Amino acid sequence: MADVKLAFIIHTLPYRSENSKLGATHAMSYQTVEILLEDGQTITPALCYVGDAVLNCVKDQKAMELYGMTSTETHIKNCLLVDMDVMVCKEDMDKFGITEDRIVDADDMGADKKVQIVPYAEIKKVMESANHLLFF
Amino acid sequence: MADVKLAFIIHTLPYRSENSKLGATHAMSYQTVEILLEDGQTITPALCYVGDAVLNCVKDQKAMELYGMTSTETHIKNCLLVDMDVMVCKEDMDKFGITEDRIVDADDMGADKKVQIVPYAEIKKVMESANHLLFF
Amino acid sequence: MKLGVFMSEFRAGSEVLNRLTADKLGVILVGNAVYHAAVKENGQSSSLLDKSANFYALSEDLETRGLSPASIDSRVKVVNYGDVVDLIFNDYEKFAWL
Amino acid sequence: MKLGVFMSEFRAGSEVLNRLTADKLGVILVGNAVYHAAVKENGQSSSLLDKSANFYALSEDLETRGLSPASIDSRVKVVNYGDVVDLIFNDYEKFAWL
Amino acid sequence: MGTLSIGVFSSLIGSMSYDFALKLADAAADKGHKVNLWFSGNAAGSPLKGQKHLKDYSHGEKPLRAIMEKGVEVCTCEACSVARGVNKTNAIEGVQWNAMHWYLAKIYSSDRVLHIGGE
Amino acid sequence: MGTLSIGVFSSLIGSMSYDFALKLADAAADKGHKVNLWFSGNAAGSPLKGQKHLKDYSHGEKPLRAIMEKGVEVCTCEACSVARGVNKTNAIEGVQWNAMHWYLAKIYSSDRVLHIGGE
């Protein structure tokens, strides 16, 4: 098996535990995992926010200014910058009344990727096609 | 003020966090606090289990045998042995269908005190008459 | 009694809060409990805010989460750490943290 | 997929679980989630057990809490740590911890 | 001016309740109040010295030293700390070590008590 | 026999998820499986050596040393550990130190992955 697909499913709120942050940073480490793998072996992560965790994806988080700590927003931006698939569940955004313009983007950092707003059915497909699941 | 009354209100489940255990052990430390107080100064704790926390008071907990750790049951027994007021909310026991015979006692250790099964209104009175509240 | 209740979570603590009563009741939303003041679910405000109490939300914790103090529920007063100190000493006597 | 979901809490995780589907679904109750198998509220069993799935509960975690494996809901099979290892390798392929 | 005792039971990094407690203690000290801070539960792991200040994590050591400079009394539950491998030899200087009755004794002479549970 | 990678993110003492992870790793090793154990989040505080075994608290050091004896590979997230004041000089011997990609690389060659979140 040359490529292993991992689904990072974030279902927890930010700043309540480290989990949602660590989901993003662990997913991002796919960038450097090649030093521990053989040639041709790759890992492809997808980072999906469901349920309450869609609140992680709201922009303008001031964690650095107010608590001296990297915001979850910045972690998500970093994921976009390394071309990771980042998805947020549309039904849950709608439930909270979160509109697309409030979702984190990394346009200011020149990222090509955007957070993908997708129906839950898409996230289910990610879980089904993944080799392993990691729920944060 | 010669006596300070403290209400230790336990509202969390056992073994999910240390809180419910630490509620009992902190309350119990009233026994030795005199070494740090002046003559005539006393602290009187009351330990009250409400909501889901009534499940702390179910007997026959095997935490020591299975995880090598003092059970919450043993901590409650120790509180009874030092003559502390320990109360459990009757409405919540009824909600879970927990009968009186399943509630921890320290009869085998020769304690005079028993866990008092009281209506929530009694626990409210404890909160009102206390100088300070500690929710665990 | 004058009771100040710190709510620190969005998905826990409401049942305990619902049973608390006091002559004067304050509910101070900190940590993820600030979502009670700032988000609606299916168009509904949090039922927590229906309780008869004075509500406060910590501005630092709103802004950390990308929530604008200007857009929160009108029943909630925005406070900072210094204000919380004053609430503790001047407005309430006993406290619970949920 | 064959999905094994570890539930570790009594008051959290149900909403996430409810949306999970699999060709073969197992729910392994550990930690305080064993209360789902062992207590009723107002005479009602936990609605978690209504999901179409194979249910297991960890005997060590039942007994730690004073809950007798003999008295749990008949839909739930009692397992020990060794059994959980076998479930992981033989019965399910992917896992979630809630 | 009054006396406030704060009990903290949550971990250095995670829920941010620890950050809250330190910021509240600091704000109260700035207003001239006497503040006592008690660490138990997971907070009893926080007096370990030599914490590296990385921007992705909450950091307790610097603000803890700063509030002690301002006169905030800080004490950790000895049993809770040593069970985690933190002891007097590897701990931040100035943090007191005592049993749970230290907290109760401080509460005895406090005007206000904020007991912060959590993890 | 297969390979199982377990990620643990909860604290040494508290939720007992840490106890669960160690017992599961032990049971899997006893059945002849290869087990990898990754510590991040609050679990990254657990490699601190010199934990005093008090009966009122979960204790990780002894069972951790015991499962490493059985061949379980254990690695902690270096950033998560040093942010908590735990580093190579005060850590339990035999625990590996690496970045998060260690966990992903172990997952790559695992048959099964149990990622235990929590606090």
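Per-chain residue numbering starts at 1, and chain names A, B, C, D, E and F are given in the order in which the chains are listed.
The definition used in the following text is that a residue touches a chain if its C-beta (ideal position, glycine included) is under 8 Å from a C-beta of that chain, and two chains touch if they have at least 3 such contacts.
What you are looking at is a predicted structure, and each value in this text was computed from that prediction instead of being measured.
> If you check the contacts of subunit C and subunit E, which chains show up for both?
Chains in contact with subunit C as well as subunit E: A, B.
> With centres defined as the mean of C-alpha atoms, identify the chain lying farthest from subunit D.
Using the mean of the C-alpha atoms as each chain's centre, the farthest one from subunit D is E.
> What's the chain with its C-alpha centre farthest out from subunit A?
B
> In whole angstrom, how far does the Cα centroid of subunit C sit from the Cα centroid of subunit D?
34
> How many Å are there between the centre of subunit B and the centre of subunit E, using C-alpha atoms for each centre?
Inter-chain centre distance comes to 25 Å.
> Roughly how far is subunit A from subunit D, going centre to centre by Cα mean, in whole Å?
28
> Find every residue in subunit B that makes contact with two or more other chains and list them.
15-18, 25, 67, 132-133, 135 - these are the residues of subunit B that touch more than one other chain.
> Got the subunit D residues that touch at least 2 other chains?
11, 31, 60, 94-95, 97
> Residues touching two or more other chains, restricted to subunit F: which are they?
13-16, 41-42, 56-57, 59, 113, 115, 117-119
> Over in the complex, which subunit C residues touch subunit E? Could you list them?
Going by the criterion above, the answer is residues 6, 8, 30-31, 60, 81-82, 84-86, 88-89, 93-95, 97.
> Would you mind writing out the residues of subunit F in touch with subunit B in their complex?
My answer: residues 13-16, 19, 55-59, 119.
> Can you list the residues on subunit A that touch subunit F in the complex?
4, 6, 12, 17-19, 22, 25-26, 28-30, 32-33, 35-37, 41, 43, 132-136
> Using the touch definition up top, name the residues of subunit F that touch subunit E in the complex.
11-15, 41-42, 45, 48-54, 56-57, 59, 61, 79-80, 82-87, 90, 119
> Considering the complex alone, what residue numbers of subunit C touch subunit A?
Residue positions touching the partner: 9-11, 31-32, 35, 39-43, 60-61, 63-68.
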